[in-house]
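As structure tokens, the structure follows; a few thoughts come after it.
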Amino acid sequence: MAATSPSGVAPRSGGTVDPALIDDLVAASRILAAEGVLDGYGHVSMRHPTAQDRYLMSRSLAPALVTADDIMELDLDSNPVDARGRTMFRERFIHGMIFKARPDVMAVVHSHSPAVIPFGITAVAMKPTFHMAGFLYQEPPVFEIRDVAGWTNMLITDNRLGAALANTLGQNPVALMRGHGNVVVGPSIPIAVFRAIYTEVNARLQTTALMLGGPINYLSPEEGDIITNKEPGDVGRAWNLWRAKALGK
Amino acid sequence: MAATSPSGVAPRSGGTVDPALIDDLVAASRILAAEGVLDGYGHVSMRHPTAQDRYLMSRSLAPALVTADDIMELDLDSNPVDARGRTMFRERFIHGMIFKARPDVMAVVHSHSPAVIPFGITAVAMKPTFHMAGFLYQEPPVFEIRDVAGWTNMLITDNRLGAALANTLGQNPVALMRGHGNVVVGPSIPIAVFRAIYTEVNARLQTTALMLGGPINYLSPEEGDIITNKEPGDVGRAWNLWRAKALGK
Amino acid sequence: MAATSPSGVAPRSGGTVDPALIDDLVAASRILAAEGVLDGYGHVSMRHPTAQDRYLMSRSLAPALVTADDIMELDLDSNPVDARGRTMFRERFIHGMIFKARPDVMAVVHSHSPAVIPFGITAVAMKPTFHMAGFLYQEPPVFEIRDVAGWTNMLITDNRLGAALANTLGQNPVALMRGHGNVVVGPSIPIAVFRAIYTEVNARLQTTALMLGGPINYLSPEEGDIITNKEPGDVGRAWNLWRAKALGK
Amino acid sequence: MAATSPSGVAPRSGGTVDPALIDDLVAASRILAAEGVLDGYGHVSMRHPTAQDRYLMSRSLAPALVTADDIMELDLDSNPVDARGRTMFRERFIHGMIFKARPDVMAVVHSHSPAVIPFGITAVAMKPTFHMAGFLYQEPPVFEIRDVAGWTNMLITDNRLGAALANTLGQNPVALMRGHGNVVVGPSIPIAVFRAIYTEVNARLQTTALMLGGPINYLSPEEGDIITNKEPGDVGRAWNLWRAKALGK
């Protein structure tokens, strides 16, 4: 299952990466497992800090088990720089194609975030119920793999499918994947992790609000825009807590 | 409560079993308890790896407490090879009769998986909401013990009831038991455990989707078939995580 | 707040109790806290094993903190045999009056079991969704303190209120208390604990089944009767697990 | 972000505080995190025990990480007595303005308590479902920041907004904040913590009761008044449990 570039030659490395950043990526994987966004599946990646055309993610492994030694470097077509026989995630193309399409994105999370799945298979649009999920003022589009590839195993197993998903994502922070899960992106690992967690929390709150019934007073687009782009909250406060717990303090 | 064969002679052993396989069975029991599929009740079994007409399961014990020493060998009529005074599960006949009816099945889980119970007592059919539960494209039939035995204590306490349940199961991976629980089968312990866990998860997701309302875009039978039979996912990734946690790494 | 008998003389002790039985009562308190039936409030009691007119329960203390040293002996009017300045539960009269009215009862649980509360404040009757809650074939009556005492703080703070609650309970295993919680009784500590836990579980399952909609196929009274009175399940299997966890193995 | 008084001079200290009280405040922060009322965000404060015009709260930090060294003293305009470069919560003005408006209040909790959020964005009023939440007989008003400040980032970032929120709170124990969270106040730290926890629990119970359907038999105002003001329950029993767990016994 190891991929190689069309030329059969492994791509060059983008250079060494600060171990503290690798630890952030390891922490991200473990945090998302601890918070119930990931279970035995799903993955998180970061763009190479000094090479725009490379990204970093774990070899194929349950997120709670990832360590720094498991992190691999890939080019944006998801060819490994130095595979050393390690198995890669079959859906790594999600990450490569989003990094290619979105120069602003520095981190990508793909999950089967449980409370979010129902919104991908019904006609109910996700909307922000509270300020922590203000970024959802850009309503997540839903990727329908059937439109691109007919009957499949639902997985994003090549660059063509990855590009189609990136196209649905567009300039949004979140896209749902029908019958599968979602992708969340951000300008840093902490922000992508924060958004993945509060997308899950918001899905629970919105489901409850819909059950209570009657009109729902969602955040307005103006409020979401201010929270997301003009006066962002303090992501670091939660990140420091999550990271300390994930790495055992 | 110890059973003997009609002849009063204990059946012969199918031979010694690799301790690593026994550990898999012990891990399965503990994993299903840790994941909330089993509580103090329910059980998991495996077919003997070298004797098609024998199977292995714990003596009567809460699943979280099972160790290798608790594993017993039984024939397909659920007579013990070597009881040594150990109490057996009253519902072991579920396992024996399914192994008899389904040569393809190598592992059986019986649980009171909580999110699944409501689907066995309403007219709502379980359907796959996401690819992890693609195997549910074969909609679980519902076993109604009243049709077979009238008023009972709901338990499968003999081979006649076990055979009736196996008959309802048919060629499906999952059957619900009205007012009781469900059975899940697979071609290996990891796959049966995986299916039991994602049957529970899918029940939660389907319940939420139904509460959101409107038409639900379930996986199609074609998608479920591809996922289950043609391009199966990587069960090992989750299994390695679950097993490590269950056996204390 | 310490009570004395009308004569001002403390009642005599019913005699020493086997420490293993005291440990069962301590375990019961901790089990019910661990399983989410009790939080910082609620209590469990047992009838004195050799004196029908005495019972045992903890001094006023959060259930998770109870130890053998906290167990007190009371008469059925809830006067303490040997208070030694210890504060008693204000609602101990629930226990005394039920033990007085129900000679068959050997253990009483009073809780604010969260999933059950909604059934006490709506017109929806609790019914058994699965065999583990078969004892609910006797539908729990609802105690309305307003009918007895008008506007109150909702608590059963004297023997008159305790007797009224025992009267509502009648011969049932469970009674709901409107806007407050419930009481569960049994012929032994393990059975009362088992019933308290599965009353909570059943409330969750019934709520989910009702949300799925359509007619619900509850256990029939005949099935509930067989499970409860004629062919009871193996309470010991779960009890051994719960007790081991609660007492630290 | 460090605030100073208009004069540029730091306010004087109200005097030293008993370390056991500081420990109560630290415990409160950790308890509310452990009970799921707070996550990485939200905060709890206490009025200075001997200076009515000062209050104490943590520097900006995730609630689960707070220690005694993190506690700062502020005046009621939320200027720090001794900042020493420490970052303060951006929403500390919630606390200062409530302490100013409500001389009876000794502790304030601000949270994003998840089950409560939906009640702030629908037309469903919170009402007490059981005696533990009897204080909700005073139905929580909903603060709408749009009415005061139009489009914002939803945060209470100055004294004008803090005063508006305090005005909505009025003489109630709880106020909801639309699309944001809630505030809970009390005459002591244990009572404010108790109310914050049971506001969350009550939200869950009320949501479930509404899903069961039909008329709901809430506590009457008379019952709520008796529980809250005339015959209060034993807050200390739960507080002792929570505090012991939060501070590691």
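Just a few scattered comments:
In order of appearance the chains are A, B, C and D, and numbering begins at 1 in each one.
We adopt the following convention: a contact is a pair of C-beta atoms (placed from the backbone, for glycine too) under 8 Å apart; a residue touches a chain by one contact, two chains touch by 3 or more.
Computed from a prediction, not measured in an experiment: that's the story for all the values here.
Across the assembly, the mean Cα position most removed from that of chain A is the one of C. Looking at which positions face the partner, chain B and chain C present mostly different ones, since fewer than half of the interface numbers are shared.
Note on chain placement: the centre of chain B and the centre of chain D lie 48 Å apart, centres being C-alpha means.
Rounded to a whole number, the gap between the C-alpha centres of chain A and chain B is 34 angstrom.
Residue positions of chain D touching 2 or more other chains: 211. In terms of which chains touch, the assembly is arranged as a closed ring, every chain touching its two neighbours and no others. Within the complex formed with chain D, the chain C residues making contact are 39-41, 60-62, 64-65, 90, 112, 114-115, 117-119, 121-124, 151-155, 178-181, 207, 210-211. If you check the complex, the residues on chain B that touch chain A are 128-132, 134, 201, 204-205, 208-209, 211-220, 222-223, 226-227, 230-231, 233-234, 237-242, 244.
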